[in-house]
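Worksheet: the structure to be examined is printed underneath.
Letters are used for the chains, namely A, B, C, D, E and F, taken in the order the chains are written, and counting of residues starts over at 1 for each.
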Amino acid sequence: MLALFLRETRLGVRAGSGALTGVLFFLAVVAVIPFGVGPDLNLLARIGPAILWIGALLASLLGLERLFQADREDGSLDLLLLTGHRHMTALTVFVKCLAHWTVNVLPLVVVTPLLGLFMNLEPLGIAAATATLAVGTPAITFIGAVGAALAVALPRGGLLVSVLILPLTIPVLIFGVAAARGAVADPDPFLPPFLILAALMLFFAVIGPLAAALALRWSGD
Amino acid sequence: MLALFLRETRLGVRAGSGALTGVLFFLAVVAVIPFGVGPDLNLLARIGPAILWIGALLASLLGLERLFQADREDGSLDLLLLTGHRHMTALTVFVKCLAHWTVNVLPLVVVTPLLGLFMNLEPLGIAAATATLAVGTPAITFIGAVGAALAVALPRGGLLVSVLILPLTIPVLIFGVAAARGAVADPDPFLPPFLILAALMLFFAVIGPLAAALALRWSGD
Amino acid sequence: MTHAAYVFAAYGVSALVIAALGIWILLDQAARRRELKELEQRGIRRRSDRQGAGKEANK
Amino acid sequence: MRLIAEELSGERGGETVFSGVSFALGSGEALMVTGPNGAGKSTLLRVLCGLLPPAEGQVSFSGGGEDWPDSAAACHYLGHRNAMKAALSVMENLAFWQRFLGNPHLDPHEALEMVGLDGIGHLPFGYLSTGQRRRAAIARLLVSYRPVWLLDEPTSGLDRASEKQFAELMGVHLEDGGLIVAATHLPLGLNGARELAMRGAEL
Amino acid sequence: MRLIAEELSGERGGETVFSGVSFALGSGEALMVTGPNGAGKSTLLRVLCGLLPPAEGQVSFSGGGEDWPDSAAACHYLGHRNAMKAALSVMENLAFWQRFLGNPHLDPHEALEMVGLDGIGHLPFGYLSTGQRRRAAIARLLVSYRPVWLLDEPTSGLDRASEKQFAELMGVHLEDGGLIVAATHLPLGLNGARELAMRGAEL
Amino acid sequence: MGAGMTDANPQATTLSGRLTALANPTRFIALADRLVPWLGLLALAILAAGLYLAFAAPEDYQQGSTVRIMYIHVPFAWLAMFCYSLMAAAALGTLVWKHPLADVALKSAAPIGAAFTALALLTGSIWGKPMWGTWWVWDARLTSVFVLFLMYLGIIALTRAMDDPGRSARAAAILTLVGFINIPIIKFSVDWWNTLHQPASVFRLDGPTIHPSLLWPLLICAVGFTFLFLTLHLMAMRAEIWRRRVIAMRRLSARAAERAAR
């Protein structure tokens, strides 16, 4: 399993200079925002957490639909499925998700504090945003994995997949932003949405890989 | 060329989860910003056009990295390049961009009025935002084509493509937002930035495909 | 902070970054030089060297 | 060890592509599956290793003990596609499959030598020529041990010399008590292999 | 019409893979390119049609008149990959290539018949078996006319009958005054074809 | 394709012949070997003089001692743009003249340019805190320099993402040229948008508006840093040529081994 994780991260890193690309991407997204909303620092601080979350959502969606497709096209998927007796398929999916998250999303979480400074967030807000991102973004990857698996199974069901799966990411996004904001905007609480977020993440960490493994098993062709 | 356009749109509609993923991402962006800024409707209306633009910009990045990669993997790209004497490669790229835009970005433009209502924009503002998006987003696709062509040889160019093109899209974003805002905020004018936006679009409609064609010709392997 | 501290910070950061850049380039150079030596010791020569030698001889 | 197929039939897209296939293969035996394009050879192989469910009949594998409880666990499947990542080097690819598949057998370096690719293990897989890619995929069969080899047109793209080399590798595997089922249009150079001629489902 | 290669050499990743290849091919002539894996056969074909720049030497095509000014314009390139979209039906694929490539020759239906695939034009290309896919790609050569066919292992995956059928198609093309350059490990069944044996670049 | 492998036929009599001779990586390395020590010493000497003058110069009546940051901030900012322009020229060299050294120049300049841009950003921020009261604002000049920094990183990512120098060369060249639009935007952003940042006061059509007692040390420092940049660039280019040789020789030896095994 470690071998799989290493292979996947290596692939991710090899292709686009990996971590650097992730960070760059996030920087670019954030640099674009002030051009749109204007340089008002107060406003930026208010929408800061939302922007960070949107950047993370985008980064985790980019390339996610190829999670299994690339393996299918070069035939690796067959072999990954065939070793089901030795590595549970759901675990394989879980590791692939983890690798995808590590390569594409983790760098963003790591640079969040820096960007928080750019966006004029206060230290507490920065910490909160980083924490919510670290806890919440894996959920998006796990949900996406189900979609990616379904897309492999139903090559023509693309539309269906995004309609069924992607809306699930919206609650994650909303609780994430709510928690990040709750830490600074006073009347709003931080802990309740954060706990819900963590619960969502754990829930999807179990359900996502299982569902994806099921879909892959049935994709057989 | 019409044949190419039809093939591409058919592929996009049939196989891709593209269109809806884009729309859903767009929706997610627009839905989550109010959570960030809080329930202040005036503020929301003020930054509305910017949010719509940023959402559209980011959403059109989705799937862009596959513009040429899919063709390369199944060998079609070779044939598209070989017919250079009969269909200028730049024109081929142009048509592919157009098809990509029609399938993946046009739906965003179509749902913009709806989202404008959510963001409490006034009718004029909605019309202006929709118009600027319709005129401006093709430019993003054309710029993106350059990135996609540069990264075609990379197995997982997703993030890298976005990194390469985001800085280049900034002028489009600036003038797009300026025009959309100009229509409602009184002292600011609408027409000058809108015309500049149109000019930018035309400029990139020429430069983008040419540069992408160059990059493809030299990606040769 | 006093103004002098800002000046010091700016110069300090600059010295650090430039030194790091210079050292990185020097290390890179040394590593490449070592690799070349190693390859040459194993008796591998560039094709162009041999061709170049041939051309000189022809002149 | 025995691989037994009983009255198998296979389906593709809701349509039966072959039916009534039965055979029993023991240690050291090889079965060549032949037939025209679309006869269902590849489908049969995928049914045998459990990637596709059989429409009727069943596949069983016995005598493998704990290590090889069923045919999915006991087989190496070499499909049309090579299951290698273009961005990783040949060695990285092989090392990964060895660790992932378990039951290490040959060292990746040795395996590459066996297929005549020593010295290019450091190249990205995407840089290889068609035949070299196929040979690298064949090397995968050697880095992990599996008693059953299911091969789908294994020699497509190989040159004459590599074909012979591969025939020898198959011979050694059979001598060691392995089983081989190969779908092919070309003679594979195996002596004493049985043949299963498929003609597609009757319409 | 003449396709002439003068002292060609080809490069891959900064490395010369073959050098000093010269030949001249006239109407009705065929050239078989043979050699071990990695000798540079595929690279040569890609250089001939202009997908890769030659490292040295040059390729010229003459006598094609206005319609076929250079070799890129005059050639059909059939690579290892079939250049078909899995999500579109076989007919849709062929109809697209016919319209895009121009110079329509056979009707897609007829072309499918010629390669023995009549009746499955409505299936998505992704549903075909390996050999059927290859045959569909061969049908692409027939829907648009090009005087030069550059074929890279055209018969890989084909069954016996389709191989013969394809040999006949090539024969007809040559009789019509076409040119064929084919890289192959298997005999293609063409009488009187010349052979170019490649052994890779000298070091 | 790789520059390290093609040796042009030297005919150093005519001007174009001399240019071609320079294209010969071996000759280039010989030249660099001779130049680097002198250039390096020169750069250090000029910098020492410039910085001495800088600290001897009077303090600005508005800015106090922080004005001393100017003597490094401004050269860094200039060099950030200069380096990108140099890369754009090299990109043209790759695309139009297929000059074998152009790609080496582009690839090895990118990290140096990125470092100087980062320094311009850092020293600017450090200066901004006492002057404007904040580390960072999203004003046009600052943001466009930030975007320039991102472009540098993007180019670095692209040049490292492919291990075949020939292919990555042209990709990076195209990207560099397309991104060149950013340079005029940086240069004129202060005039176009009304922003916090200082408008140009040295390079103006109507002559410098800055006081000579500040101007001279600044110019000397700028020259010093430029020499430093050139030294670093020559060294990086030399290393890059060697790297390509190593790769070529490795491949060659691998191939020889394969042949021998047959």
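Observations, loosely collected:
Here, contacts are C-beta pairs under 8 Å (C-beta built on N, C-alpha and C of every residue); 3 or more make two chains touch, one makes a residue touch a chain.
For each chain, UniProt lists the protein as follows: A, B = Heme exporter protein B; C = Heme exporter protein D; D, E = Cytochrome c biogenesis protein CcmA; F = Heme exporter protein C.
These numbers come from a predicted model, not from an experiment.
Taking the mean Cα position of each chain as its centre, D sits at the greatest distance from chain B.
Taking the mean of C-alpha positions as each chain's centre, the chain lying farthest from the centre of chain A is E. Note on interfaces E-F and B-F: more C-beta pairs are in contact across B-F. Centre-to-centre spacing of chain C and chain E amounts to 47 Å, using the average Cα coordinate of each chain. Centroid to centroid, with C-alpha atoms defining each point, chain A and chain E lie 45 Å apart. One inter-chain figure worth recording: chain C and chain F are separated by 16 Å, centre to centre, where each centre is the mean of the chain's CA atoms.
Chain A and chain D have centres, each the mean of its CA atoms, that are 37 Å apart. Touching two or more other chains at once are residues 12, 80, 85-87 of chain D. The residues of chain A that reach two or more other chains are 11, 14-17, 21, 24, 28, 31, 35, 38, 73, 155-156, listed in rising order. Multi-chain contact residues of chain F (touching two or more other chains) are listed as 5, 147, 150, 153-154, 157, 161, 248, 250, 252, 255-256. Every residue of chain C that touches chain F in the complex is listed here, in rising order: 1, 3-4, 6-7, 9-11, 13-14, 17-18, 21-22, 24-26, 28-29, 32-33, 35-36, 39, 42, 44-48, 51-52, 55.
Put simply, chain A touches chain F in their complex at residues 15-17, 20-21, 24, 27-28, 31, 34-35, 38-39, 41, 44, 117-118, 120. The residues of chain B lying in touch with chain A in their complex are 14-21, 24-25, 27-29, 31-33, 35-38, 43, 47, 50-51, 53-54, 57-58, 61-62, 65-66, 73, 151, 154-160, 162-163, 166-167, 169-170, 173-174, 177. Looking at the complex, you find that chain D touches chain A at residues 12, 46, 49-53, 69-70, 72-73, 75, 77, 79-88, 92, 95-97, 99-102.
Across the complex, chain F is touched by residues 11, 13-15, 200, 203 of chain E.
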